[in-house]
Amino acid sequence: MDKSRFEAFSDGVFAFAITLLVLGVVLPQLHQPSEAQLSSALYGLWPNVVAYVLSFAVIGIMWQNHHALFRMIARVDRMTVFLNLLLLAATAFIPFATSTLGTYPTMRSSTFLYGLVLTLCATAYNLMLLHLVRRRAFHASVGDETILATIRAYRVGWVGYALAMLLAMIDPLASFVAYLLIAAYYVIPRGLDSDTT
Amino acid sequence: MDKSRFEAFSDGVFAFAITLLVLGVVLPQLHQPSEAQLSSALYGLWPNVVAYVLSFAVIGIMWQNHHALFRMIARVDRMTVFLNLLLLAATAFIPFATSTLGTYPTMRSSTFLYGLVLTLCATAYNLMLLHLVRRRAFHASVGDETILATIRAYRVGWVGYALAMLLAMIDPLASFVAYLLIAAYYVIPRGLDSDTT
Amino acid sequence: MDKSRFEAFSDGVFAFAITLLVLGVVLPQLHQPSEAQLSSALYGLWPNVVAYVLSFAVIGIMWQNHHALFRMIARVDRMTVFLNLLLLAATAFIPFATSTLGTYPTMRSSTFLYGLVLTLCATAYNLMLLHLVRRRAFHASVGDETILATIRAYRVGWVGYALAMLLAMIDPLASFVAYLLIAAYYVIPRGLDSDTT
Amino acid sequence: MDKSRFEAFSDGVFAFAITLLVLGVVLPQLHQPSEAQLSSALYGLWPNVVAYVLSFAVIGIMWQNHHALFRMIARVDRMTVFLNLLLLAATAFIPFATSTLGTYPTMRSSTFLYGLVLTLCATAYNLMLLHLVRRRAFHASVGDETILATIRAYRVGWVGYALAMLLAMIDPLASFVAYLLIAAYYVIPRGLDSDTT
């Protein structure tokens, strides 16, 4: 499997899934609305817009992680392609989970579903990473410390999404906020990081 | 015809069709649902989710086959472009067949339609392969045994999809299960395969 | 303007527009249909499927023409980018025209609209070609005869689409058939052509 | 962060968002319409078509700006990736703003929303440019005058979109016309420009 075509296909799915998110923001049909009716219908979409921004950040992070991971990888075998397909299947499902979350932002099943899909993404990432480590698919130049740091970072991400998902059973709104905090933590660059290329 | 632009266009259609599958999972409109109503509506979508996963695997396999085939091909003539367009037209129709299958998972016409679209994909693949063999479009380094093995594998895939399609006329659910088994057989990497790159 | 990024963007729009065509095939909502009701609803979509196949061929041909044209082009200036944007805007509108044609295959305004969009595409192609000829943007290796043959082929395509569009005012069904014949003429490779790469 | 994969991802989102615009043009459901009913329904979509063409131009300009900017850039750090993600999130929201504008072309909230989204895009562009200037991420060969000219052009664009947005509060239709004029000003190549590559 040629790594560049593998990456191009993955990038395509990430880019399409991130762009499809906008279909989760739907203006209800109004018949010749007044200015007040139209603007209140648009205001009423703000949970959908928050969910849109959240998922944009989530998929954006995943794309960056994918990129950072495969830069270190020398070769891609069939099992990697399979696990990557799992990851992409979970990622491409995010638009549905996002539109459900945006429409029902304070309900248990919608916030749980959202966390479930993100946890599936994180699971696929962890399985793929473990496989790559076991097969020693990394470039020789990649140090053990870098690999260990990646393993730890991936586990922390998995735990974060899983806890936020479980939180949905107790307090859906808190769960939604947790997703936002996790995404903000990962997506906003921190001081020194941005110095390095 | 430049092979790399030909592959990029095909990859685009595969990646886009696989991402569009999610539009086949649609939550019915509910007016201020209770927790129980929302979660039961979400549970009710499980056949759509199974159909989503199935078609994700199917298109993922097709993309891999496309990749594996054209790695062996030295040049792309107009007839190849035409047959590839047939293949892409059938592939890009999978989202419709998937959403129909997910909505009516136990009915004859929806399961038959799904098999029909997959059989069309397999037919286009077989025609394209035959053309490439006849035109000796393969790289000189590709051995006859590899080509023969590819021809056999493609025929088996065609027969599998066609039989599962015909099964829909007798037992729609068995047909659905057959699609799942065929996809699982192809998509899950087997022991030794994953050692090779 | 870097030619490869220009081509990649155009290819992206062609690939997405061709894949979006499937959204024009929509199964009407049925409440617990019988086998007979579902299969008759599916049969009822055949004009949409014909329109889908037609537009798949049309966009496929446009993509091939785009590819063939820009292989001969050495550089891309701002006016070319502008005219290409016009072409892409007309092409990306084809999914709407296709779904309208598929839903109302025998009415004057839908068949006329379809022809109008294709004539706009052909107009953009002709304007772009004329600009490239006037600016001598072709590779030095491209002979005058090849350029003249391209100019002639583009004009014939424009006339064909425009005539089929006008035919819609007299006989919509004949117009639909004319679109199919034109597309079939261009998309099906003819004997000797396919020998050349 | 590898610049080429960064650009490919951005191009994917631009190309996909521009193609999704067509989903904002929706024919109302008609039951066995007469010729007159169908053609009047199609004519009734002209504001949607104008909004479609407008946004096609807007995203097309943004893609060209993106391209022109990153041709001058030597490296991409994490903050650039973050600001670019903001830009893409605003850009991918344009299809929603466009369909709202096309459906309610003469109302305050829809024309204001459209301007808001474009102003957000322009803000993200300006922030990204400032960051790149501060980090000296430009190729050494790029002169200070070129950078200053880019900064000025970006500011003018921001001011234009923001003024047109504010105009929506006074006169929605004038605001719509202002968007069209701004887009036309940027998208139509002017005399001498098109001589340079």
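Quick notes on this one:
Read from first to last, the chains carry the letters A, B, C and D; within each, the first residue is number 1.
Operating definition for what follows: a residue touches a chain if its C-beta (ideal position, glycine included) is under 8 Å from a C-beta of that chain, and two chains touch if they have at least 3 such contacts.
Keep in mind it's a predicted model, so treat the numbers as computed, not measured.
Taken together, chain A and chain D share no touching chain. Counting hops only between chains that touch, chain B reaches chain D in a minimum of 2.
Counting the residue numbers used at the interface between chain A and chain B, under half appear in both copies, so the two copies meet with largely different residues. Most remote from chain B, judged by the distance between CA-atom centroids, is D.
Rounded to whole angstrom units, the spacing between the C-alpha centres of chain B and chain C is 25.
Between chain A and chain C the centroid-to-centroid distance comes to 36 Å (mean Cα coordinates, whole Å).
Under the contact definition stated at the top, the residues of chain C that touch 2 or more other chains are 8, 12, 16, 20, 23.
Because contacts link each chain to exactly two others and close back on themselves, their graph is best described as a ring.
For chain C in complex with chain D, the residues that touch the partner chain are 1-2, 5, 8-9, 12-13, 16-17, 20, 23, 75-79, 81-82, 85, 88-89, 92-93, 95-96, 99-100, 103-104, 107-110, 113.
Residues 7-8, 11-12, 14-16, 18-23, 25, 27, 33, 35, 38-39, 42, 52-53, 56-57, 60, 63-64, 67, 71, 187-189, 193-197 of chain B are the ones that touch chain A when the two sit in their complex.
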